[in-house]
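Could you have a look at this structure, given as structure tokens, before my questions?
Each chain carries a letter (A, B, C and D) given by its place in the written order, and its residues are counted from 1.
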Amino acid sequence: MADARTTLESGRTSVGGRPSRLLARLLRPFQNATFARRGVDDVVDLCHQLLSVRGEASGARLATEALSAYAALDAPGLDDFFNRLVREFSPDPSRIDRTAAAYRTDPTQLNLVRLQHAVEAPRQELFRRLNMATGGTAALVAMRAHLLKTLAGHPERAGLAADLTHLFRSWFNRGFLELRRIDWHTSALILERLIDHEAVHEIKGWADLRRRLAADRRCYAFFHPALPDEPLIFIEIALTRGMAARIQPLLDPRAPVADPTRADCAIFYSITSCLDGLRSISFGDFLIKQVADDLIREFRRLKTLATLSPIPTFTRWLKSGADPAVQAQLSADIVALVERCERGEAVNLAEASREVRDTVCALGAYYLLQAKKAEEPPDPVERFHLANGARLERLNWMGDTSSVGLKRGLGLMVNYAYRLGEVERNHEGYAMHRVIAASPQLHKLASLATRSPKHGLSAG
Amino acid sequence: MADARTTLESGRTSVGGRPSRLLARLLRPFQNATFARRGVDDVVDLCHQLLSVRGEASGARLATEALSAYAALDAPGLDDFFNRLVREFSPDPSRIDRTAAAYRTDPTQLNLVRLQHAVEAPRQELFRRLNMATGGTAALVAMRAHLLKTLAGHPERAGLAADLTHLFRSWFNRGFLELRRIDWHTSALILERLIDHEAVHEIKGWADLRRRLAADRRCYAFFHPALPDEPLIFIEIALTRGMAARIQPLLDPRAPVADPTRADCAIFYSITSCLDGLRSISFGDFLIKQVADDLIREFRRLKTLATLSPIPTFTRWLKSGADPAVQAQLSADIVALVERCERGEAVNLAEASREVRDTVCALGAYYLLQAKKAEEPPDPVERFHLANGARLERLNWMGDTSSVGLKRGLGLMVNYAYRLGEVERNHEGYAMHRVIAASPQLHKLASLATRSPKHGLSAG
Amino acid sequence: MADARTTLESGRTSVGGRPSRLLARLLRPFQNATFARRGVDDVVDLCHQLLSVRGEASGARLATEALSAYAALDAPGLDDFFNRLVREFSPDPSRIDRTAAAYRTDPTQLNLVRLQHAVEAPRQELFRRLNMATGGTAALVAMRAHLLKTLAGHPERAGLAADLTHLFRSWFNRGFLELRRIDWHTSALILERLIDHEAVHEIKGWADLRRRLAADRRCYAFFHPALPDEPLIFIEIALTRGMAARIQPLLDPRAPVADPTRADCAIFYSITSCLDGLRSISFGDFLIKQVADDLIREFRRLKTLATLSPIPTFTRWLKSGADPAVQAQLSADIVALVERCERGEAVNLAEASREVRDTVCALGAYYLLQAKKAEEPPDPVERFHLANGARLERLNWMGDTSSVGLKRGLGLMVNYAYRLGEVERNHEGYAMHRVIAASPQLHKLASLATRSPKHGLSAG
Amino acid sequence: MADARTTLESGRTSVGGRPSRLLARLLRPFQNATFARRGVDDVVDLCHQLLSVRGEASGARLATEALSAYAALDAPGLDDFFNRLVREFSPDPSRIDRTAAAYRTDPTQLNLVRLQHAVEAPRQELFRRLNMATGGTAALVAMRAHLLKTLAGHPERAGLAADLTHLFRSWFNRGFLELRRIDWHTSALILERLIDHEAVHEIKGWADLRRRLAADRRCYAFFHPALPDEPLIFIEIALTRGMAARIQPLLDPRAPVADPTRADCAIFYSITSCLDGLRSISFGDFLIKQVADDLIREFRRLKTLATLSPIPTFTRWLKSGADPAVQAQLSADIVALVERCERGEAVNLAEASREVRDTVCALGAYYLLQAKKAEEPPDPVERFHLANGARLERLNWMGDTSSVGLKRGLGLMVNYAYRLGEVERNHEGYAMHRVIAASPQLHKLASLATRSPKHGLSAG
């Protein structure tokens, strides 16, 4: 299972043209408007009007007009628009200085309130007023998606980005989100979003989707009342007997449908954020926890809730040679295996020697438990689940034999277990002391990685 | 029609125990909890936990627990709790000074963002996390209602109040509100709210309410998705032939039901804000405008949309002697009338002399058009409608012959007309230059008020 | 609890004007139509057209027109209309004779089908086509209500009545009914129906209703998809600790609300059929059984499901002197008590002597267990519950101290218990052999009734 | 557009395995039951129980059990079951004779009612009781579908079939059907039904379906409350400028989406009955009329409502040589064309000579207007639309160039126009006198068909 960030950082880049199509959809209500074909000057002028006295009387109309003009901007127009949001809708430095001085002299709550008003950018109020247009929330989500793409080259837009982030943190507060189950009774409109967005384990059309929504599967998504047809994030689950070690059987559209009431395990095999414009407004942890609660209530036999997740950065790390102790373990066979996987050649892991298998597993465990980047594990999927309070439970050889699985992680997959009784403790240990919760087997496996090769290795 | 503010400022104070019952209802989900019986120390401690690392893992649980403990506080406990929100959850002054200095030296967007973070009180994030509890939004609305009542005696709570106001402006943005029609198909739960809250023209039980929801009446309310059973504000409308001049016939529960398709006029005769905790988060203007749009679309014969509103401050002003030019007009008959109305005696206006009638009307018009308090009209209902872009259309003698109507406004009622084509212009004129839009008749009537009495007066 | 039939036979006659108002409501969609003011000839002509070739092309329009003309008929017009439905829309006797003869000669399935067609009255098809009008089902229900009222004086309308009954048995099949819970979230429209229709224990306004829908009460109703705002039948339930013996505490609107999760008993204290036009299309037994299933699933502590029901015919029987063995038991005190109850005088049963109490209870038990009318118990409420498979569980002295309760049953109330494990057996025993299921206590009590008075009596 | 009957008679036979899969679905609720694996004796025994006294107490349970046992029957079991429904659940001939004799002697309404009861087969009541099971209606629809397939070889089942037909005519009365618009907001479950059932112009997967539900298309279906996820019949419509003459452009999934508000024509290009078990319970005419009403209300510019329909029997008629006058027109070119079309060879009609084109069109018109089978036109699609009151408007050369279109109708397509003002008159003319409503152009075209070939022909 890839976390939201992985999906956004790595996964989605491979999806090519999709995001643009999505952004277009979010702006659609503003695209047929008769007054759309205008330039950036018109957009900015309408924004100023919206913030003026006139905006109080005719907010919804002006907001609609402004967003329609915005939706018609081309790439240079957009760039220009963001520049002017920075130049013309930032707070007044002299007023900030004045109120800051007053507060320094006399730090009353009243002076604090004045300073707070002074530092708030006028565009905050602009965004709140744009939101009055029907479809305004979707348009602002699209605007943030556009903006985030340009941020690397435009550090001066940090304040602008911070304003939208601040607003979205308020608007998309967990308390306002609605959890809905997704199944074959769901509208085609929403199901199509799942097909479009799933980037971890691609959904290959409607027949594939149908299997993923059958009786022994579950799918849930968060929705926001202002975006009733847009899943914000969704999670896919398989109800199984025993903790699943391999992803391919779970994804097989022809697999027979099992009786879910006999399942003792819920495998979270994919979680996907749908809207780039909500990046870093996190929902994933809430989603996992609420779904876990619901499943436990529905299926009384469930004993284990765990993910089946990739290690998308494993191969890259192996090749990087960052850890000399590890290099010693890389036999010629393993180096050859890594290279064939990386090149996308067909590799049959079932034919690998026991030694190769054991070494790769030990290295995987070592990577997950010992490798560090700024004191944290380098793998983003791992960081996501550890931060949520999960525990590294099991490493699975041949867990994902797809070409992507081989390329990124030599086919290894991890079960991260969510145990209600220890989630809080694990989370605190990781958040405060970077303690990695892991099963004894994984610790043992990792310890084998740096032993002398002759001692041999064996995976659980 | 009284505006939201009137209802809150004057009307609601007369309603006695109701608000407390309402607040209790908003906190109900937190009142049966087993962990409720604890003191203010527990509440504050749970709030600190909610903001800590643990809060990230167990937000919803901690938020529920904190709000349950909050709901159990008695009056002194509440007072203490607000004090500690000021003391322990305000921003750090030294960090503010530091980041303000950095921004002064180098006013980049990045330094701006740092300063913005520094001035934001930690309780903002606290409130956002409390909102994760099921029912959290309602509880926070109740919290603000409690807080606002104490504000007059506690100026140091201004920052705390500003934080909740800031948050609610975001959360209750017009774009998130849902307009629903209220009729006899609506749930008893919601209809009961209307009976509870209507303070302008009291609803005397279910039979009375039923008449107000009949075919020639309309009622609409705004709802927020997180408070699905709580109307935030509602408006009551009568569909009539001709612009209604008197309120009593509209309120008569035995009045025959007219055919609404033949109406040429929609009279907005009451608008009521329901939640004290949302005071000054204004919806009234949006509600009037959207309802006006909807009515025009549904009833193609409608020519006039107007209110039938009281002048709740008229009698008080007359007695205040603030305007010497006016005092000259007050004949002994009028003085006697005012006094009898004020004392709540039965007064039959139909028996008043023509001179009394004409003079009272002229004074009413003069009051609405000429009287000023800080450059604005002193009457809050008038200010509300002028700010919305309405125009003073007609003054109605014997418009409200109830004892309250006599006492506050000598029975005068005003029609404020909403004309789609001029709302924006009226609003701008008033907002920027305090221009009062009024019909020629009202101007003429006002001009008679300060003439020498012998010239005689005549009302339209 | 009175059963559906009681309500219809006895209860409703006391409700005066209500049924007429109800019938008017069912016909309302047809009352504003411009073509309504016409006579019975027009109605019959439109009915003929509807059955003709034209009816196939323009069924919905003609049906609407016919029902509008029908809705405008006055009492003599209605009478005339029913006569003509008998005269002009009955089957053709000669065709019946012909097809019957053919079937007698050659009883093939084909000849059977021909005979079946021949005996079906053309008005059956007429009713099916009238049902195509929007609101047609409600209008036909009203038509049957009108018809049933006239049946006693018009035996020749038996065939007409049978046709509507046959049709409604198909249309209102249990498989098409929807069970809905009624609570304070239900629309005022539907709740008002409950207030209108409840005839067993009158609902005295909205505050009374609200208590009956509180957390320790339940109310369910059956609805038909074509009559979405009309409860067909509803049942009222109290969740109690211990099997309730008295009705007054259950009906007290000021009684404190108990915690329903601690209830061990569900008392079905009222069941009411709403539509006269559906008389003898029985739903009551289905409603009780499905609600029992649902309650058991929701409240795991429930041990007892029982009614609290009147004996509406008890006093009448006592006075009738039908059973000489009983007359011997009637002491002067009891005779006096019966007379005072019958006259509606205030009677304080708490002051009755122990002997009176014991004798009345014994007579009550004897009446329920031994009295017979055509081999069945004479009490309709008892017959209803026995036929459903309930068992006579307990007799309650002072069970209903209202004046109606005293008048009809000397204040006695009965608990009929529904035990899932024995409902089927009880039903069969009663249906096939008239076996009355009763608790040992009731048997013992009944046995005391005909003993010599000096032996003394004691109620359980 | 093919009518319901065509779809069922000819269209569906080509769809192979589908119906079985469908029937399985309708029986699904009864297939997992633990008591399913039993023989026909058990089914029949349960049916007898259901009709007995026990059935009154435990109807829903017994019905569920009986249908579960039914659902488990194999083909011989089914056959046996139908035989026993005929043998054991038919009415009693002697009782019929007796009551028929009584009625003959004394034809009162009471004797009529007795005779009606005597002729009603007990299985009618059996079916009504089976319907009490959850999912019972669907199971009975499946039962009738099974039964109808066997009817040709079992004339003795005519009475059994008549009973189900009689019941379904009551249950599926137009007044109980709900018209729903189908679009991309509809559940995948229902959309999948459309893909499964559309037999006229096959839907080739979800992308194809999506185009058929785009803004310039409309799709509506009738639903019954007891079968909420089963469209009974659906119609597909294209909103066009000008009356469409060719089907291929309408079906092209890549065709650009037009603005529907500019359409002046609504083309009904497919109507499909979904449930074999409802054959001859007609809805098609109601569906067309109600949809026509709705479209006219929504799109004010619509001038024409017409179908684009095939002539599925044209080629067969041409080859049959039934009409000697026609044979004279068949040039060698035409005979060759017919043969190539029939063999499914690729034929490019655009290359046909003018003479071939004109002759084929004239023959088509002649076939539609002059050919007769038992006094009616032989083409079932034509009969369906004429019976609904449509008029033959235009014949379109190259209207359907698919291989099926060529094979059955040499590519000809017909527009049948529905004009609100003349539907009733057309229907009556056709129903009573077999008058075929047709445009002057079609009359002229038909008249050319039997002229001497040298006079030449020209199509409109």
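Methods note: a contact is a pair of C-beta atoms (placed from the backbone, for glycine too) under 8 Å apart; a residue touches a chain by one contact, two chains touch by 3 or more.
Note that the structure is predicted; figures quoted are calculated from it, not measured.
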Joint neighbours of chain C and chain B, given as chain labels: none
Whole-Å separation of chain centres (CA-atom averages), chain A against chain C: 60
Inter-centroid spacing, chain B versus chain A (mean Cα positions, whole Å): 42
Touch-based graph of the chains, sorted into line, ring, star, complete or other: ring
Complex interface listing, chain A residues touching chain D: 184-189, 191-192, 205-206, 210, 229
Residues of chain B that touch chain A when the two form their complex: 53-54, 56-60, 86, 90-91, 93, 96-97, 100, 103-104, 107-110, 112-113, 115-116, 119-121, 128, 131-133, 136-137, 155-160, 162, 166-167, 169-171, 173-176, 178, 225-226, 285-286, 289, 388-389, 423-424, 427-428, 431-432
